[in-house]
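Structures follow.
Same chain, two partners: chain A is paired with chain B first, then with chain C.
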Partner chain A sequence: MAVPTLRCGFSGSRWTFALVDRGCRHRTVATFNWIRGQSSVAQQPLHTAQKPRKGAQEWAAVVGLEIHAQISSNSKLFSGAEVRFAAPPNSLVSFFDASLPGTLPVLNRRCVEAAVMTGLALNCHINQKSLFDRKHYFYADLPAGYQITQQRLPIAVNGNLAYSICVGKQQREITKTVRVKQIQLEQDSGKSLHDDLRSQTLVDLNRAEGQLRVDANVSVHHPGEPLGVRTEVKNLNSIRFLAKAIDYEIQRQISELENGGEILNETRSFDYKLGCTVPMRDKEGKQDYRFMPEPNLPPLLLYDSTSLPAGADPQQVIDIDRIRETLPELPSETRARLVQQYGMLPEHSFTLLNEVGLLEFFQNVIKETRAEPKKVVSWVLNTFLGYLKQQNLAVSESPVPPSALAELLDLLHTRAISSAAAKQVFEELWKSPGKPPAQIVSEKQLGLLQDREALEELCRATLDGHPQVVRDVKGGNPRAINKLIGLVRKATQGRAEPALIKQILEKQLSSPAP
Partner chain B sequence: MLGRTLREVSVALKRGQVTPTELCQKCLALIQKTKFLNAYITVSEEAALKQAEASEKRYKKGQSLGDLDGIPVAVKDNFSTTGIETTCASNMLKGYVPPYNATVVQKLLDQGALLMGKTNLDEFAMGSGSTDGVFGPVKNPWSYSKQYREKRKQKPRDENDSDWLITGGSSGGSAAAVSAFTCFAALGSDTGGSTRNPAAHCGLIGFKPSYGLVSRHGLIPLVNSMDVPGILTRCVDDTAIVLGVLAGHDPKDSTTVQGPVNSFLLPSLTDVSKLCIGIPKEYLVPELSPEVRSLWSKAADLFDSEGAKVKEVSLPHTCYSIVCYHVLCTSEVASNMARFDGLEYGHRCDIDISTEAMYATTRREGFNDVVRGRILSGNFFLLKENYEDYFIKAQKVRRLIANDFVNVFNSGVDVLLTPTTLREAVPYLEFIQEDNRTRSAQDDIFTQAVNMAGLPAVNIPVALSRQGLPIGLQFIGPAFCDQQLLTVAKWFEQQVQFPVIQLEELMDDCSSVLANEKLASVSLKQQ
Partner chain C sequence: MSVHASPTLFMAMAAKEAAGAHPDGVTLSASLGLTGGALRVPGRGDMWARAVRLGLRAPLGGFRAFTAKADAQGSGRVTAEVIEHLERLALVDFGSQEAVARLEKAIAFADRLRQVDTDGVEPMESVLEDRCLYLRSDNVVEGNCAEELLQNSHRVVEEYFVAPPGNIPLPKLDEQESFPHN
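Right after this comes the complex of A and B.
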């Protein structure tokens, strides 16, 4: 009989875990009127803006995702073989990975902890007892003839993830919830490299490549009627293709049904070049996986502070509560904190978190500058992110470090430079990394015009040069003064403060000409 | 010297009465001489002699590694051995040389044991006769014993040699190897009785440890949830010595139990009056031979007469056991055999028109009918539409069977006493009249329930039948009470004084080797 002890930490794993998320997205589309959504599935609106044409029946689509994400660990899920990206093929293969007869799986503790942490982050119920199963199919890159997974009793179930999207011209933010059915630990298969020319297949058992793979289950039905027959689009490896495949599949099913056809419960693949889904060959498609319990792995037992046996060796048990304590701040909490702490708009908090490294950049700037948080937000999200986007760079690739931006914002804050000048300094920072902002200011003479006399002279000259505008102001159109302010600013190359210019101009206009 | 027990020869080695190399050479000579038994698939002569040399050096320096240092052992050919072909008696693994040692093999080698070779079996251990391997059947050494031949008024080895007996199985090669004195202990594997059954037919101790006590890492699986490495020796103390080396947690086998393992040295019981022996009434089946039945009852009487409490007990789900075993066994077989696809190792056919065609032909050529039949049944039971009706039900029945044992042991029973087999070994020609499945179902009848419950069990040879062949009885203990079980078995062994096999005539010039054998009296005489 299998003895229920947890075997951990002896070897690590490169492994995969699947986040299964079924029946979670509903989309309603109007007959004949479906319009391709935005590029990302997760950001698409629940309902399309189009109203159904009179007499046409509405369609609803149901989408479920099975997400395979690689957990970052030093070694594989069930063997001590290392995990390393882009290692030479078959260089990180243990006897177990090659399925040599007599080898047995040994569960990697790090992977279990990561799965528990993921489950907690996604508000799942963590099963204190979970089981492993074998899923059978013959394929060249599956040397054991089965894959070890958690089909019956997975490590975490019934979670949810709230997310917000902005809709309409006003970019109104609405919050949505996606339900997570289960999280399971699953052994990755190998990788087949097909050489069609020589009709050969090469197999790499390192199993450390694609880090994210999604299968999408899609069906359509009329609201109020039973769900339609679903198809499964397999092996989507980018968010963009996932969205395209789902959009295509919904369209295809609707037109198929409206033309009197029927939807087959089948497995399809997405043709990246043609942008459409096509049925997979039979043998890769639907089959009986003949699931059975994995007899070589005892039930995986987890504990919490109430169930932890007294005197248990911390190396031998996994305590859910301890993992909960090590959970980092979750994105929703971070966003709420940003809004509360810095008074930023919710959509700004989303942008800060959605761009890898941007939040850290922002926080580093905040730490080093005396500028108002709102100012920092504006600069990071508009100027800084704008430059990045324009050049298609990641935050980590930015030529401008947070400290430089912080210094620049300090110059702005102390009124050493004007906003317009700050933009010029930033452009210079981007072009010549490493140069301190203050140096740029002095080299380019971008410092704010502090000499009041000189400024007064400039104002006077401007008034003299534009008698018509002066007449307008005096004739009862106070807004005409803005034109004069603009002219003075231009003359100072943006180095003078508009408020000061206005003050001087107003004074000069109200006193009689010399 | 070869006729001695492991413990005796270990003492002789320590005293310098014999050297490891002498011992190794004598065993190798005997292996050569008894080649016709077909006990070994591979004889690892060179490696064994090297190991003997190393052992000899240790003894000379007074740095012996322990009781097993310099002791010749054999290992069933379904345990992985570094650099030594491991075939499972199948075409599928012919030529497969593993790059690693099974944990149990490594432990034996670490103690200085000499690995004489890999022993024969039924293909992938699927069988109860050791007749269904690709290297041919194993012959029972008792076929050539003085005791058996005298009863049949036959010469030690006839010209035509056609009426030899099977060893039982599937660890028949290991049993024959120990029985014919070619080694002092051998590893078998036991999934449904594969160690105890041939031990019964070959007059040996055949021990199946508790599931989880001994590592399965490197044992090429038949049924992972029931497989255990088994031990075959000529006396109970020898089994305890080997068990002491093998037992314990293995990080490479997650089903082995944590925690320290106690010594398995066995006290000599003088008083059995505090023992309670259970006699399961369901094991009294009509097919049981009268001789076995009579010996079983005498054994019970022996305990009774020595003051032990002997009581009839019930294991009510016994009758469902074989069917349940069949479903679970074939299902796991179907799964475990899936890895043999000709891609990574082992046999690969010449067909290359498609991957599927290559798989199909490789597997047809690589597996015998028995293996293919079990794969087919198992896949049938695992189909989505059948899973609930077969696999799930069988698992439930398995739990009931395990609970039967728990209930009996909770009622105060210390060990159960049962037959090991229905009858003594039968001639090969008779055995093959029935197919493998029918035979296995009959032969595993008393043994496989123990595997489903994960309990320790041991065959103890009791007496010779009227034909002069060994008959054994089985003791079953509660899980992880292996030492207690062996202690009772040792007491019983001392009472029955089972006779030593007499092979002198067969091995004429080896008679000096077996010089110190003597025929012990049989205390449990047949009526």
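Right after this comes the complex of A and C.
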């Protein structure tokens, strides 16, 4: 029933976390600060006030994110009930999950491994001893009246996550780091469906949906002074709204304090339509959770290769070093490798990794084509991704397989078609999936004119047909030649490269007229 | 949950006080063997108040929230405000003054632990600290008993448990004498 939730900073434009099942959750806390400067006023008030002069002093905002992420496991954190999406209500509930008296929590090994793996991936210190606690509060979807969590000593602490954002007009890419305060394993509450019509709540103890949830804690203060009172903003389910809610809350707190008000330690909710935060019902006043050690669970002990007890049952011990070995290549390593191997820009590596399946697609194209990596990068990130975004498709839903794009890039590479023609072929590939590029080229006669003489004849004919334009060119108008190039291109139906046309035309124009 | 504690140590301390010994010198072992009961120490009202005041600074079973409030009172009594707070937190019913008095004794009883010298001693996090935490394999072995579980519910709608729309707030202390049991 407990789902490990992971708390972390975020990067890119979408969640990179892809977990499937409910039941296990671990929670990490990340904090980052930023300073918001205010313009100073020319005149100072005559009286010396304790409160900051309006607009004169800097404000610093402190934001802590609480991210709840589900662990991909078959069964729940503390019970053997299944973790599955969209099952009939209360069908995945064991006696323990229903909090029937006499039931006890039994820890799921897989969830512990997942939490350790996450801690290692986020550069945390793994606590070889961690403890479980009870957090008490009353709500219909929490039948026990408490939630088992790790408040005193969580499984991992003091990590960090590097991410990159684009700033400024030049869209310069800079790297930032967010601190990860801790990762803890904890239970999930049930799901409540509010039926306002009949004034009742329907409770499903299968466990809450939503593989990734974020709560934001926000406070403001003047640099150098103690931290301000914080508020918690819940009900945020996308990065865009997370950013909006945080921005709004920071502004609200600054305005409130500058007007002599005070900030209440409260829980607020984000109203999507109005774009503002509002106090939440049932959460007035500071919650007192009455934390106590979970009396039914001994401390969780983890080992490493040096401390592993001899002859221990491998099912009953967890070796941090073994888990570290099973970690896949982390995104930062992958990005560095891509930049080094293919000479691509760092921002390209971010885009490749931030889109699910795109890296694999790119690598498959690279494998099958002789085109230069830079060309492949450009086609995948600009053309291919552009088409996907336009039609709101995932990479997995693409009508064009990597092999087709590889073939197309080969045609371009061998100069069998022009780049303009290649774009046309791509459009056709998208519309008629399965048709090989070569076939499209021959059907639509998009192949580059291989006959140089024929092209020269066409150029000659164009020059003859447009004496006025020829005079413009010879008269010194540099743009007039583009018109000629355009005419030749039209005549060749896009089957000649503009650069070559220009070369031939210039040669013909400079040679004396017969 | 009912608040229940025999003020054994408390009596020991009180007894020692009556005999003139300093309360800090009383050891735990000296208190064993005395049974609980209503405590009456004639003529030592101020000592009683001091002992209870000491007691109020102790956490009750690990809950630390209200001690600051109690401390502020200084009278050695647990105030109505604190009682109300506790009742909302834990949904217990301190229906009578005797129950509150019993709570005060229990607090003082637990407070005796503070007089034990624990310098350099690792805190015990769990009485199970010598046990191994059993790790279960990630297999599905239970569930699929919705019908059985739903029989426990007073009201059911299409395999959902039915609950009120939100937490129903308890009435204020002055509005009602006895509190409804959920």
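Basically, the second predicted complex is superposed on the first by the 413 of 514 C-alpha atoms of A that agree within 3 Å, B and C clash if a C-alpha of one lies under 4 Å from a C-alpha of the other, contacts with A are read in each partner's own complex, and residues count from 1 in each chain.
By our rule, a residue touches a chain if its C-beta (ideal position, glycine included) is under 8 Å from a C-beta of that chain, and two chains touch if they have at least 3 such contacts.
Owing to the predicted nature of the structure, the values given are computational and were not obtained by experimental measurement.
Look at A:490: by the touch rule set out above, it reaches neither chain B nor chain C. In the overlay built on the shared chain, the residue A:471 is in contact with neither chain B nor chain C. In the superposition on chain A, A:298 makes contact with both chain B and chain C. Set side by side, chain B and chain C differ in how many residues of chain A they touch, and the one touching more is C. Once chain A of one complex is fitted onto chain A of the other, the partner contacts of A:146 are limited to chain B, with no touch recorded for chain C. By the touch criterion defined above, A:374 reaches neither chain B nor chain C.
By the document's definition of touching, of the two partners only chain B reaches A:104; chain C does not.
Taken together, the two complexes place residues 95, 98, 100, 106-107, 136, 138, 140, 201, 203, 288, 290-292, 295-298, 316 of chain A in contact with chain B and also with chain C. Chain contact summary for the complex, chain A toward chain C: residues 73-75, 79-82, 88-95, 97-98, 100, 106-112, 131, 136, 138-141, 152-153, 192-196, 199-205, 281-282, 288, 290-293, 295-301, 315-316, 318.
Chain contact summary for the complex, chain A toward chain B: residues 1-3, 5, 7, 10, 95, 98-107, 134, 136, 138, 140, 143-146, 201, 203, 283, 288, 290-292, 295-298, 316. Against chain A, in their complex, chain B makes its touches with residues 79-80, 86, 88, 93, 96, 98-100, 102, 211-212, 216-221, 223-225, 251-258, 331-332, 334-335, 337-341, 343-345, 355-356, 359, 379, 382-384, 387, 391, 402, 453-454, 479. Those residues of chain C whose C-beta lies close enough to touch chain A in the complex are 61-63, 65, 85, 89-91, 125-146, 149-150, 152, 157-167.
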